[in-house]
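Please go over the structures that come below.
Each of the next two complexes has chain A plus one other chain: chain B in the first, chain C in the second.
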Partner chain A sequence: MNFETLLQTLVFGFFVGSLYGVAAIGLSLVFGVMKILNVAHGELMMLAGYVSYFVFSLFGIDPFVSILISIPVLFCVGLLLDRLVYRRIHLLTGEAKIKNSLLVSFGLSLILQALAIQFFTADERAIQASYSGYSLTLGGIILPYTRLISLFIIFGVISLLHWFLQRTITGKAIRAAAEDAEAANLAGINIQRFYMLTLALSAALSGLAGSLVIIGYGITPTVGVVWLLRGLIVVVLAGTGSIFGTFSAGILLGLVEAISSTLFGAASREIVGLVMFLVVLVLRPQGLFGKKG
Partner chain B sequence: MLEVKNLGVAYGDVRAVWDISFHVNVGEIVVLIGPNGAGKTSTLRSIAGLQPIVAGQVDYLNKPIHQPKLFTHAHELVSQGIVLVHEGRRLFGSMSVSENLELGAFSPQARKVKNRTLTQVFEMFPRLAERKDQRANTMSGGEQQMLAIGRAMMGLPKLLILDEPSLGLAPLVVKLIFDVIRELNQQGMTILLVEQNAKRALALASRAYVIEQGRIAGTGTGAALLNDPNVQHSYLGGVL
Partner chain C sequence: MNKYRMILVVLLAAVLALLPMLLRRDDLINLAFMVLLYICLGQSWNMLSGFAGQTNLGHSAFFGIGALVTRWLWATLELPVMLAMILGGLAAAAFAMVIGVPTFRLRGAYFAIGMLALGEMMHAVIAQVLPFNDTLPVQLIAGYSLAMRYYVALILTIIILGFSTWLLRKPISLGLFAVREDEDAARASGVNPLYHKLFALALSSFFGGVTGGLYAYHQVSYYPQSVFGGNWTLDALLITYIGGLGTVIGPVVGSLFFVALRELFSSIFASFNLVVFGALFIVIVLAFPGGLVELLRKFQRGR
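The block that comes next holds the complex of A and B.
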């Protein structure tokens, strides 16, 4: 394998890794703040993909513009899910909470998959925009425009999220609830309301991720689990607490997958992430960027 | 101001508080003393709206706030003026001093006068002003306790509840904390205090209650309890 092929592989790994990062930030936000694992996160991405697909195929709305629709739609789905499903789980504590969150969200993911097969059929959908085939070539390396725009949008959104969590009082309240829910409650913060907002934000991020996935890669009703698995690996790699840490871990997974599939064949792609997952769990359980304790 | 009637608190099948009744009048410093595991912290957590009660009733400003079937959450009580400084301080350790204080003024009415309250907090604890950009968990125990009290002040408490504010602190800092409690009281804040340091606490108290095994075992003015032979024996090390 020559240098150019390697570089090209890494570039594509970087692009897909940025999406792993976004998927993982959504998962990590809910896990860090609410201490529940939302297994249905991948299905929320899948739904967002279909939102983009249908507004494109029915109304001809540009897939990147459709993010402006899929994000608010998924934000509302998040609010609704919290109201109908997760609110009951917040009332539990400790082990009962994590166990029930797993069971309930796993059930939810199955239901969403079944509904998607029913209404959208099991066919794979993707969006071919007029500019889909075009790319920038830099020193022999191909940079498709769609991937570049995706990356640009992702950087914008996670920077905005970072600013929101670090600088605004609402963001600080979310961080306070993540750090110590009782102490936040004693400071006058209505925990339930901020949990609801957190789930909605996470769903909105899955909205972004899902729309970008259908532009670059394609969506089926069962695609969620693939992205969920990648997201989980990234969350474990990164540890919770840092948006850019999680994003970097996403990129890392993308790069490692790309290299291993070039070197050892496409099948190794599925394995390498899980191997990293195990190694990090054994050697550095707080994650690469997480803090101890 | 606060009236606790036959309070019962349980964690699952484990009863922490059996039958506790006491009251706090406006402007008082009321102290609860008692051995570890007597139910003091559970009592405070219930009053502040962190733990539902299983028996009895708690009234605040002549209105019931807690009954076995009525639970007012902590954040609602903060806007009504009940603020608890939890045992162990419970700061937001990864955030700065300023951010902790800002979050203390989260309720709408507190947020409106945030800057004015902040000036008062910094006047009372100049150390916090010096360290306002420092991460809370990198400060000393004494500074952290100042921040915990400062954060509570930001919520504009009418009734400030403190759980073991002097625990694990150096004697000089303990004195500072008690001076601050006295000063806040003189400014008109009503105080409910749980303390291991019974001698200092009783010296400060308008009235005090002794809690043992989830029940009230005695009550009196601070001075009366300081001179009570049983209290001296059990909580004041037998010497005075």
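The block that comes next holds the complex of A and C.
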């Protein structure tokens, strides 16, 4: 194998890794702030993918523009899910809260999957825009325009999120709630409200991720678990608390997968991340998601 | 009361034993088989996740290993099927013991997602290693009898439920409950959590593997990766939670409900049963942790 092929593989690994990063940031935000493990995150991405797909195929709206629709739609879905379901777990603490959130979101992902199969059929959907086939070639390395635009949008959104959490009053309240919910409550922060906002933000991020997935890759009703596992691996690698840290871990996973698929064949792609995941999980029990649980 | 109960048990046993003759229709016997299979699956999951409180999201790995090993010993090496199933269960338990020590360093939800990753990993590996459809040899298809499958399933169900009832009367079950309720408190009062968890895992994986063997015995043809599918874990979890986590009767109620609802909806709205199960599951986790069994009991007491 020559150097150019390797570089090309790494570039594609980088692109897919940036999506792993966005998926993981959404998971990590909810886990870090609310101590809720939302395994329905992959299904929210799936839902967003279908929003983009239908907006494109019914109204001919450009897939990148459709993000402006899928993000608010998923934001509202997040608000709704918090009111209907997750709010009932907020009162629990510690281990019981994480476990119950895991179970409840497991049930949710089951419902969303079944509804998607029923209404959207099990066929794989992807969006072919008029510019999908075009790409930039740099020294023999192919950089598809769709992937470049995706990467650009991802950088924009996570920088915005970083600014929001670090600089605005609302963001600071969210971080305070993450650090110590009780103390934040005593300081006059309405925890329930900021939890709701956090879940909605996480869902909005899954909206972005899902729309980008359907542009570059493809969506089926059962695709959620694939992205969820990638997201969990990244969260375990990175811990919570740093958006750019999580994003870098996503890129890392994308690169490792790309390298292993060239070395050991495409099949190892599915397995290498899971092996990494288990090793990190077992070597650093308790300490994985940042703090001691 | 006891006499009344005895008569009931004898009647039930007679009906179950004669069921293939009573039903006479293959599709109905098959449904009865599925109910029994799901009882075994749910109860095997319940031993680790219900009795010892370690939510296992990778049970499909044990089910799959049991299925593959049983299938190989029975169909290729022509061992008697019961023996093949037991060996399949032992293979699953051996695998479980190897992965048990490292994965039990994880607690609660971390154990759950660790096992989820392990189950998915096994699924991906098997899909790569054994991609082809596995069909029974001709002579085994020629002698295929559904009633026979039903009786093997019935025997296994009786063994698993009988064993669980017996287990819950033994002192070791108190150790399991102690670990479930509070691991640190259990350790402080002299219960070794790792030992108890491994014990529950061994039982759960063994019976999960045997149940996988039962499925391999029932299927004329299947893809090896299908027995490692996450649906086996998910079904076990739904059945046990909806019936009643940590009880012997829970998976029985859950399984009857599961198969009945699936049949009811299959003609109207294919995946609607999963929507109902998912919703019911969420309600049960949030509001009625005891499941349907607890609800029925409350209803009885209220009357």
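Operating definition for what follows: the second predicted complex is superposed on the first by the 281 of 293 C-alpha atoms of A that agree within 3 Å, B and C clash if a C-alpha of one lies under 4 Å from a C-alpha of the other, contacts with A are read in each partner's own complex, and residues count from 1 in each chain.
We take it that a residue touches a chain if its C-beta (ideal position, glycine included) is under 8 Å from a C-beta of that chain, and two chains touch if they have at least 3 such contacts.
Please read all numbers here as calculations on a predicted model, not as lab measurements.
Visitor: Taking chain A as the common reference, can chain B and chain C both be placed on it without clashing, or not? Answer clash or fit.
Guide: Pair status: fit.
Visitor: Once the structures are superposed on A, label A:Ala267 by its partner contacts, choosing first (chain B), second (chain C), both or neither.
Guide: A:Ala267: touches chain C, not chain B.
Visitor: Going by the contact rule set out at the top, does A:Leu232 touch chain B (first), chain C (second), both, or neither?
Guide: second
Visitor: For A:Ile141, is the partner it touches chain B (first), chain C (second), both, or none of the two (neither)?
Guide: Once the two structures are laid over each other on A, A:Ile141 reaches no partner at all.
Visitor: Looking at the overlay, does A:Asn100 come into contact with chain B only (first), chain C only (second), both, or neither?
Guide: After superposition on chain A, A:Asn100 lies in contact with chain C alone.
Visitor: Quick check on the superposed pair: does A:Lys172 touch chain B, chain C, both, or neither? Answer first, second, both or neither.
Guide: So A:Lys172 only meets chain B here.
Visitor: Spot which of chain B and chain C makes contact with more residues of chain A, would you?
Guide: Partner with more touched residues of chain A: C.
Visitor: Looking at the overlay, what does A:Ala126 touch: chain B (first), chain C (second), both, or neither?
Guide: neither
Visitor: Could you give the angle made at the Cα centre of chain A by the lines to the Cα centres of chain B and chain C, to the nearest 10°?
Guide: Here the answer is 90 degrees.
Visitor: Scan A:Ile191 for contacts with chain B and chain C and give back first, second, both or neither.
Guide: A:Ile191: touches chain B, not chain C.
Visitor: Check the superposed model and tell me the shortest C-alpha distance between chain B and chain C, rounded to whole Å.
Guide: 14
Visitor: Return the residues of chain A at which the contacts from chain B and from chain C coincide.
Guide: none
Visitor: Quick one: which bits of chain A touch chain C in the complex? Just the residue numbers, please.
Guide: Of all residues in chain A, those touching chain C are 37, 85, 88-89, 95, 98-100, 102-104, 106-108, 110-111, 113-115, 117-118, 225, 229, 232-233, 267, 270-271, 274-275, 277-278, 281-282, 285-286, 288, 293.
Visitor: Which residues, counting only chain A, touch chain B once they are in their complex?
Guide: 169, 172-173, 175-176, 179-180, 182-191, 241
Visitor: Quick one: which bits of chain C touch chain A in the complex? Just the residue numbers, please.
Guide: Residue list for chain C touching chain A: 55, 102-103, 105-110, 112-114, 116-118, 120-121, 124-125, 128, 230, 234, 237-238, 241, 269-272, 274-275, 277-279, 281-282, 285-286.
Visitor: Quick one: in the complex, what on chain B touches chain A?
Guide: Touch list, chain B to chain A: 48-50, 73-75, 78-79, 83-84, 86, 90-95, 99, 102-107, 110-111, 151, 155.
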